[in-house]
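Just passing along the structure, written as structure tokens.
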Amino acid sequence: MYRQQILDHYRNPRNYGELSDATFSHTGENPSCGDEITVDVVLNENEAIERIAFSGDGCAISQAAASMLTSELTGMTLNELQELDRDDVLDLLGVEVTPMRIKCAVLAEKVAQDGAKIYHGELDELEQTTIEG
Amino acid sequence: MYRQQILDHYRNPRNYGELSDATFSHTGENPSCGDEITVDVVLNENEAIERIAFSGDGCAISQAAASMLTSELTGMTLNELQELDRDDVLDLLGVEVTPMRIKCAVLAEKVAQDGAKIYHGELDELEQTTIEG
Amino acid sequence: MATHEQTSPLDVAVLREEFPVLGRHVGGDVTAPGEGADDDQPLVYLDNAATSQTPRAVVEAMTDYYYSYNANVHRGIHHLSQEASVAYEEAHDRVAEFIGADGREEIVFTKNTTEAENLIAYAWGLEELGPGDKVVMTQMEHHASLVTWQQIAKRTGADVEYIRVTEDGHLDMDHAREAIDENTQMVSFVHISNALGTVNPVEELVDQAHEVGAYAFVDGAQSVPNRSVDVGAMDADFFSFSGHKLCGPTGIGVLYGKAEILEEIQPYLYGGDMIRSVTYEDSTWEELPWKFEAGTPPIAEAVGLTAALDFLDDVGMERIQAHEEALTAYAYDRLTEFDDVTVYGPPGDNRGGLVGFNLEGVHAHDLSSICNDHAVAIRAGDHCTQPLHDTLGAAASARASFYLYNTRDEVDALVEAVDNARQLFA
Amino acid sequence: MATHEQTSPLDVAVLREEFPVLGRHVGGDVTAPGEGADDDQPLVYLDNAATSQTPRAVVEAMTDYYYSYNANVHRGIHHLSQEASVAYEEAHDRVAEFIGADGREEIVFTKNTTEAENLIAYAWGLEELGPGDKVVMTQMEHHASLVTWQQIAKRTGADVEYIRVTEDGHLDMDHAREAIDENTQMVSFVHISNALGTVNPVEELVDQAHEVGAYAFVDGAQSVPNRSVDVGAMDADFFSFSGHKLCGPTGIGVLYGKAEILEEIQPYLYGGDMIRSVTYEDSTWEELPWKFEAGTPPIAEAVGLTAALDFLDDVGMERIQAHEEALTAYAYDRLTEFDDVTVYGPPGDNRGGLVGFNLEGVHAHDLSSICNDHAVAIRAGDHCTQPLHDTLGAAASARASFYLYNTRDEVDALVEAVDNARQLFA
């Protein structure tokens, strides 16, 4: 799993940080690895993602996936975001992720999607996203 | 196990009944079969068994064993009674008793022995003898 | 006896080949396990309601687990642990499919049916029951539920009531309607009685429970092995059975619970694998079903159970049921031919695959011993339904119970042994 | 590394032949269990503290059970049930002998260590604990005891205190003397820590518990597998371990309890086989140990456990311990050679057969994944000691754990994989 590209994103994460003017912000964790990721999003008037950033820490897979995913998301509409599934993230990573590590890989995607749902009022009480085994 | 002798003792138990002048009397059960036996004993001045009777009901093995054992006990001292062990009863029965039925075979012996111990004040609180698995 | 079909929907001779133990001889020393030189009579195994025999496919699946991918599950990243985890988790899916549950979150592996009953009694009953509340059971309950709810009720101050059994071995449904009242919080009953063979009207009882807002717990230990069961269709809130009674291994049982109910119930056993996060002060719980599975689970047994369900589905549950019903009806007819034999429970053509009976003047343990002298394995005792036996006026009964590999010849061997006991004790 | 003996007291090459899984190759698809065409790297199995591998003798004993004398136990009169009952009951004797208990009445079979802990927590703790009472544990407890006593304490209003762990991974015995006070009713602690490898001073802690009139519960899950244990000599009131960690099967664990204490405690699980007599109103209980074994027990597993103990005794517990200690010291030395590796727990020459560690800047899950890429199976996570990991300042750690079949070459493979991770992430 630990191809050069993954390690590179882990060492030098893209879009790492926080956005003080975020339209919405959401946090999630993967309790089995202790991975934690917060995603901040600034939308434009078409509900497309103008800027995105993530922060948090955890294993290389979760952090690299967040780095690679956020790079892809810029420009996407929230509807397009919701249409992504786990295979899209796995394709992005470009390596075979073993079943027990898939939770790590999809954490950022799930956080972004849940954040958008909460923003749309579709998920109400959810305070934090959790990826279960 | 069901030789003619056993069946005969089951059908026509010897010493069946109660002794109104018993020196001591004791009851025991084997919960797994539901066997229940009461032994009544009349002692002579030498602590030898002058008369003995049993009552109760249960499976053929327990009842035949009680019938055969009580026949043997007449004339024995209580000390001799305490020296009997399970093999003596099994010898008396004269058949091979499978492990799960040994409890049935030794019930009467245990009741007689416990009764004698209580009479001697060696067993105090015991109210009823139980044969455990 | 000619009224029942002579041919089975199963190719029993071929099926028997899958069960090595059915080729055993018995009769000699029992303290050294396995066939010895003095074991010289071919075994007739008619104690399937106690435990069923185990086909090669099940034993081989477990051997394969131990020899090629044994590892602890859930949190392991290494190859073997992933293989074991996938197999273990999929075993839940397989069970869900087999009994018509919605998914793995509704399937909790326990060690047996008894523990499934206790799990709900402890996790829900001990917390929720109190004075004024009532648990309704039946007079034909197995000790697994009877003693459990009786004791939990005692500890919480709740009442217990037992739906009466009629002369012919059915539940008195008028009494059921009375007993299941506004105070009732739980109705727990056997799907099929392991002592009488009665098949209870599950849907009706579940409906009655729901009408008064009570939960319905169905004990399926004797039904899942021999008929197609759909917990969704019967709308049971809880349902339980054991692996060892349906060609599976010992050491594993199943609790089914509706997800929305299990979600609300607090955990029962505490420990590893059931927590989400732990501090020295407090803990939070994993998702279903793991919340109810503390510690290293029965992994090999889950693999074996999966193989057992595959085996049964390959044979076909409808055909298994038809085979058992025919055999049971035949045994019922043959045994009732003896005037001095009392057969308990409903008539022969609508019952689970077992016949409980007594021979007049002969203790059931003696009867069972004599059958054993004929190499016929039946059970004698109260079959964990002691209070029911009190109402039957019998300290014990003999029970012959059948499974997919049994034959009419084996029933004949039983009848012959019973006849021999009649003559011995005549 | 030259300071530790190079030769093992065991003939490991011969022993390995008894464990078919040790010949496995891994690396390919994990969703189809067992060796596939794309599994091409020889497995290095260093996850023994999670579960041990299973020798042929154990699997064959269980197969023999299923193929030749599978039956339900206790009350069966027929031949197979007698054979199974004798074997099942003798399994208790064998365990008693193995750990120095007085007899079968002190040995209760549970499903795992976790359930043994819960059994006492429910049967004794829930009844006897109350406000003002205290349960003392250690900061290095496994969730099996930690979460259990924490939650039972919460439910009863009792307090919980944890004996501190020192910098070098030992218990702070000064703190122990303080914590174990007059209010203490239970002291529950690991014999050997599954995260740190620490071997705790059992006798001393048991004595301290007894001085204040508290019970001592020793969690032997990590000690019984690799050293000779004598519960009588340590005077533990309760002791527990799991079959699957000492070459035995999944689905069985052991609770040892002093007979006079178990005698007084009320039962925990209710159901068949644990009762003496039942009416619709109330029930009475069987003798020990059956009082605590409700329902059909893990029969095949008890047969397997017996075979596992025979296997271990044949190899020799002293030699197993010496072998493990040598291997562990070697692994400790090799891993501590890396400046960027932190090894947790006490120095290498007095610990259980495991090494927990972290590589700076690399998440333990990544480290474990990379080891897995090298076919080296280690565990990563909090090892069910989450609060301990909080005090260590690590969300997770990697853990290599050894057993009688492991070799120095396998430790070298681990070290090489760790070195590779260092280079990858450098």
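As written, the chains take the letters A, B, C and D, and residue 1 is the first residue of each chain.
As a working rule, contacts are C-beta pairs under 8 Å (C-beta built on N, C-alpha and C of every residue); 3 or more make two chains touch, one makes a residue touch a chain.
The shown structure was predicted, so the numbers you read here are calculated from the model rather than taken from an experiment.
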Of all other chains, the one whose Cα centre sits farthest from chain C: A
A-C compared against A-D, more contacting pairs: A-D
Cα-centroid distance, chain B relative to chain D, in whole angstrom: 47
Whole-Å gap between the CA centroids of chain A and chain B: 80
CA centroid of chain A to CA centroid of chain D, Å: 38
Shared interface positions of chain D, touching two or more other chains: 30-31, 75-77, 81-82, 86, 277, 365, 369, 372, 381
Contacts with 2+ other chains: residues of chain B: 32, 98-99, 101
Touching residues on chain C, where the partner in the complex is chain B: 30-31, 362-363, 365-366, 369-370, 372-373, 381, 395-396, 424-425
Of chain C, residues touching chain D in the complex: 20-21, 24, 26-27, 30-35, 39, 43, 45, 47, 50-51, 53-54, 58-59, 62-72, 75-84, 86-87, 111-115, 117-118, 121-122, 139, 142-148, 150-152, 154, 160, 162, 242, 244, 249-253, 269-275, 277-283, 294-301, 365, 368-369, 371-372, 375-381, 384, 386-387, 390
Contact set on chain A toward chain C in their complex: 31-32, 98-101, 130, 132-133
Chain C contact footprint on chain B (complex, rising order): 1-2, 7, 11, 32-34, 58-61, 98-99, 101, 104
Parts of chain D lying in touch with chain B, wherever the complex brings them together: 74-77, 81-82, 85-86, 276-277, 286-287, 290
